[in-house]
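Structures incoming, each one as structure tokens.
One chain, chain A, appears in both complexes that follow, with chain B as partner in the first and chain C in the second.
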Partner chain A sequence: MVKINEDIIKAGLEVLNSHKDSKLITHLNSCVHCGLCAKTCLYYLTSNDKRFIPARKVELVSAIYRRYFTFIGKTMPGLTNARKLDDDIIAEMIDLLYGACVMCGRCVKHCSIGVDIEYVVRKGREMLAKMGYVPESLQSTVKAALETGNNMAISYEDFTDTIEWMEEELQDDCDDPDARIPLNEHGKNVLYTLNPREPKFFPLSISAMAKIFYAAKESWTLSTYMYDVTNYAYFSSHPAEAKTIAQRIYDETDKLKAKRLVLAECGHGVRANRWEAPNYIEKEFPFDVITSVEIIAEYIKEGRIKPNKEIITEKTTLHDPCNLVRNAGVIDDQRYILKNCVKDFVEMVPYGTDNFCCGGGGGQLTMSEYNDRRLSIAEIKAEQIRKTGASIVVSPCHNCIDQLSQINVTYKLNVKIKTLAEIVADTLLVENMLNNNK
Partner chain B sequence: MEWYFWVAITSLGICFAGYIYHFLKLINLGSPKDYSKKSGSTKSGIIYSFTHAMNPVNKESAFLNLPTYISGVIYHLGTFLAIILFFVLFFTTNINELISLLLAAFLLLSTLCGAGMLIKRITDKKLRHLSNPDDYISNILVTLFHLGSGTVLFIPDVYPVYMVIASLLLLYIPLGKLKHVIYFFAARYHIGYFYGWRSVWPTAKSK
Partner chain C sequence: MPKIEIEDKVLEVDGNGFMTNPEIWDEEIANLIAKYDGITELTDQHWAVINVIRKNYEEKGMAPMIRQICKATGLKLRQIYELFPLGPARGACRVAGLPKPDGCV
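On to the complex of A and B.
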């Protein structure tokens, strides 16, 4: 770790001294240290470690704020435990703000005051990012996205080969040699995005979504230049890097003149592109930004696709991605879809805006140094799944899918993990689609 | 006018100035400017934030910690009551005996709640880890204020002591954690605005 110096301190404090509105000073001045947030946090619940209490994470940032920006903190730092920005607090911040927070926001909803703890954590991460202390593992993912256009550094050739292969799968699946996965086409209704995990590891989810678009007779396209729905700079909280990534997807949608930007099944991708991106680039988007969950629900409601709920008879449960549900308000559409696609749907307890994170949020899946912690906090999700008795777990988020797959092995759950598009695609009958597309 | 009245009035003025300083700072910085396309209602979100979202049934921090939550509610009600009484006592000490008895009983209860929370903060490892001197001083000052308010109703001789406690509290409010008297409302506003904008709140269908 680089030793702190005056320039680094200045860069870190600048984050606490830049106010676009009253939100930052509000949340830095509001915590009363009641500690009642403890039991809302996965890290505390699974370890009983007092360092992991959400209020403790807020305290790291607000103690620095008090030391440099309040009268009492400057004159009597001991009274409020106002702390200098030094190597010790930076080491603590890296460990707790990057390594012990999934940024799920569960503590926010249940805070007795209403402190936006996740926002303060993000501001703390922003300080670290501006000072150059982003964990190397997370930064390398951001770097790959900045340098290659996608966080897995997939080459153009590899990507187009995969899409060609998936197009063949689609044609077989739909029994239609004219079924296509359109690339870089202008003026379509939908520009669809992907999580790079799809072309890299789970290409069948691409053909699943293509099958849904085919069945709905959607006018759509993929871009070969900018298809990555993720924005890991949202997790590292480096605003300039987040802006660069957000700007690319905006520019691509604008270039292709698509009416709607449809975000793939990726919780943080939804949050980063639907809610944060316009603020990163400080511009209102002239096109609609919606999630694949919403568009699938729309197709079912409009009768454009007709899932057959007799096909999937196994008990199925749903894992709510925090960034899609609690932080983006997409709460009911995924339930509507599942109730139309599977015979036996059961909720986890708790669910919806009270759900527990799978443990893979906040960029944890990229930070291998915290793998043990990540899998130990997943104990709660494993128990939730076990209690439902379900044999299929659905989640509209590829990051969650990755973590759930690891939970499945670690906690010997013996369940199938599926994306929502895969479930829907499995319930679309070929004869119905052919009739529909005639 | 007795010296302790002057002390209290001066402290009140300083407290008020501090309060105004924080309030104007918040107003001056203003509400967030969000460039994303709103999907819900910020107004409904803010209303929900101050109402349903505060319902203990909807808050794990409340229903998983019910004794602490109830103590906290009584303690805060006691504080509001003591503040009102402080202003009343500026003008008259002639309060109906039954009302005085009821007020004193409630203030005694809230004093006990405050003392209980102080003991918890000292003895609970988790809370001790989170606490700094400001947390203890704030609790002690407010709890003494409750006790003084209840006592002065029946023992007028403690009036100067009561006024000194009230003055110390007033001077301390804008400095330490007690300024959450302002920031609590700002925090609930912001959280309601945030969730309302994204149509997370109000939530009716899903929990």
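On to the complex of A and C.
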């Protein structure tokens, strides 16, 4: 770790000294230390380690704020537990804000006075990012996105080759040699996006979503230049880097003149692109930004696709991605879809806006140094799944899917983990689609 | 530094169990990691996948697309998921001694 110096301190403190951000100052001054947040946090619940209590994470940032920006903190820091920004507190901040927070926001919902704890954590991360202390493991994914246009550094040739391959899958699956995955087409209703792990390692969710678009007779396209739905700079909390990534998807939608930008199954991608991006790029979107979950629900409601409920008979449960559900308000559509697609749907307890994170949020999947913590906090999710008795777990988030797949092995759950599109696509029968498309 | 210990042999890895020094990878290490994942024996099909991944890593410094693995081995997508229950990234690439790929894996 680079030792702290005056320039680094200045860069960090600037985040707390922004007059634009009255929200931050309010929330840094509001915690009453009631401790209700403790039992909402996966890290504290699974370890009983007091350092992990969300209020303690807020305290790290507010102690620095008091030391530099309040009269008593400046003159008599000991009286208000104000702390200097030094190497010790930086090490603590890295460990607790990056390494022990999934940014799930569950503590925020349970806070007695409504402190946006997750926002304070993000601002703490932003301080670290401005000071150059983003963990290398996380920064490597941000860097790949900045340098290559997608977070897995997939080349144009490799991408188009994979899409052609999935187009063949689609044609087989729909029994129609004319079924297509359109690329870079202008003036379509929908510009669809992907999580790069789909083309790289798990491409069947691409042909699944293409099958849904095909069945709904949607006018859609993918872009070969900008398809990455993720924005890992949201996790590192580096605003300039987050802006660069957010601007690209805006520009591409604008260039292709698509009416709707449809975000793939990716929790933080939805949060970052739909809710944070207008702040990053400081302008509103002139086109609609919706999620694939909402568009699939729309197709079913309008009768554009007709799922057959008799195909998937195994007991199926749903994992709610925090950034899609609690933090972005898409709550009912995925349930509506599953109730129309599977015979035996069961909820986890708790679910919806009170659901527990899978343990892989906040960029944790990329940070190998905190792997043991990530898998031990997942004990709660494993138990939730086990108690449902379900043999299929659906989650509309590729990041959650990866964590759930590891939970499946680590906690020997023996379940199948599926994306929502894969479930829906499996329930669309060829004969129904042929009638629809002729 | 975390370690994988199996059959009295010790291997230095990152927290995710990916090798931190991929250049010392050899067949014995592949067998070691595979056993750790519960794959009792690496078959010819496993090795076909591992060799494609290894070759791509040595030439391009990263894991190949699953498309290339299928093309070069003639295996179907689903067969690869079956061969490596932890998937192409956390399963196959780890056994092939690669460092952890970026992104949501």
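Just so we're on the same page, the second predicted complex is superposed on the first by the 437 of 438 C-alpha atoms of A that agree within 3 Å, B and C clash if a C-alpha of one lies under 4 Å from a C-alpha of the other, contacts with A are read in each partner's own complex, and residues count from 1 in each chain.
The rule is short, and it goes like this: a residue touches a chain if its C-beta (ideal position, glycine included) is under 8 Å from a C-beta of that chain, and two chains touch if they have at least 3 such contacts.
Being a predicted model, the structure only gives us computed values, none of them experimental.
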item: Touched partner set for A:T230, first chain B, second chain C, both or neither; value: second
item: More chain A residues in contact [chain B versus chain C]; value: B
item: Partner chain(s) touched by A:A153 [first = chain B, second = chain C, both, neither]; value: second
item: Partner chain(s) touched by A:P182 [first = chain B, second = chain C, both, neither]; value: neither
item: First (chain B), second (chain C), both or neither touched by A:I113; value: first
item: Touching both chain B and chain C, residues of chain A; value: none
item: Footprint of chain C on chain A - complex, ascending; value: 137, 140-141, 144, 151-154, 158, 161-162, 165, 195-197, 199-204, 230, 266, 365-372, 398-399, 402, 405-406, 409
item: Residues of chain C that touch chain A when the two form their complex; value: 2, 14-18, 62-63, 65-68, 77, 85-90, 100-105
item: Complex interface listing, chain A residues touching chain B; value: 19-23, 25-27, 29-30, 32-40, 50-51, 53, 55-56, 59, 71-72, 78-81, 108-116, 274-279, 281-285, 288-289, 325-329, 331-332, 335, 350-354
item: Touch list for chain B against partner chain A, complex; value: 22, 25-37, 39-40, 49, 53, 59-62, 64-65, 68-69, 72, 124-127, 129-135, 137, 175-177, 179-180, 183-184, 186-192, 194-195, 198-200, 203, 205-207
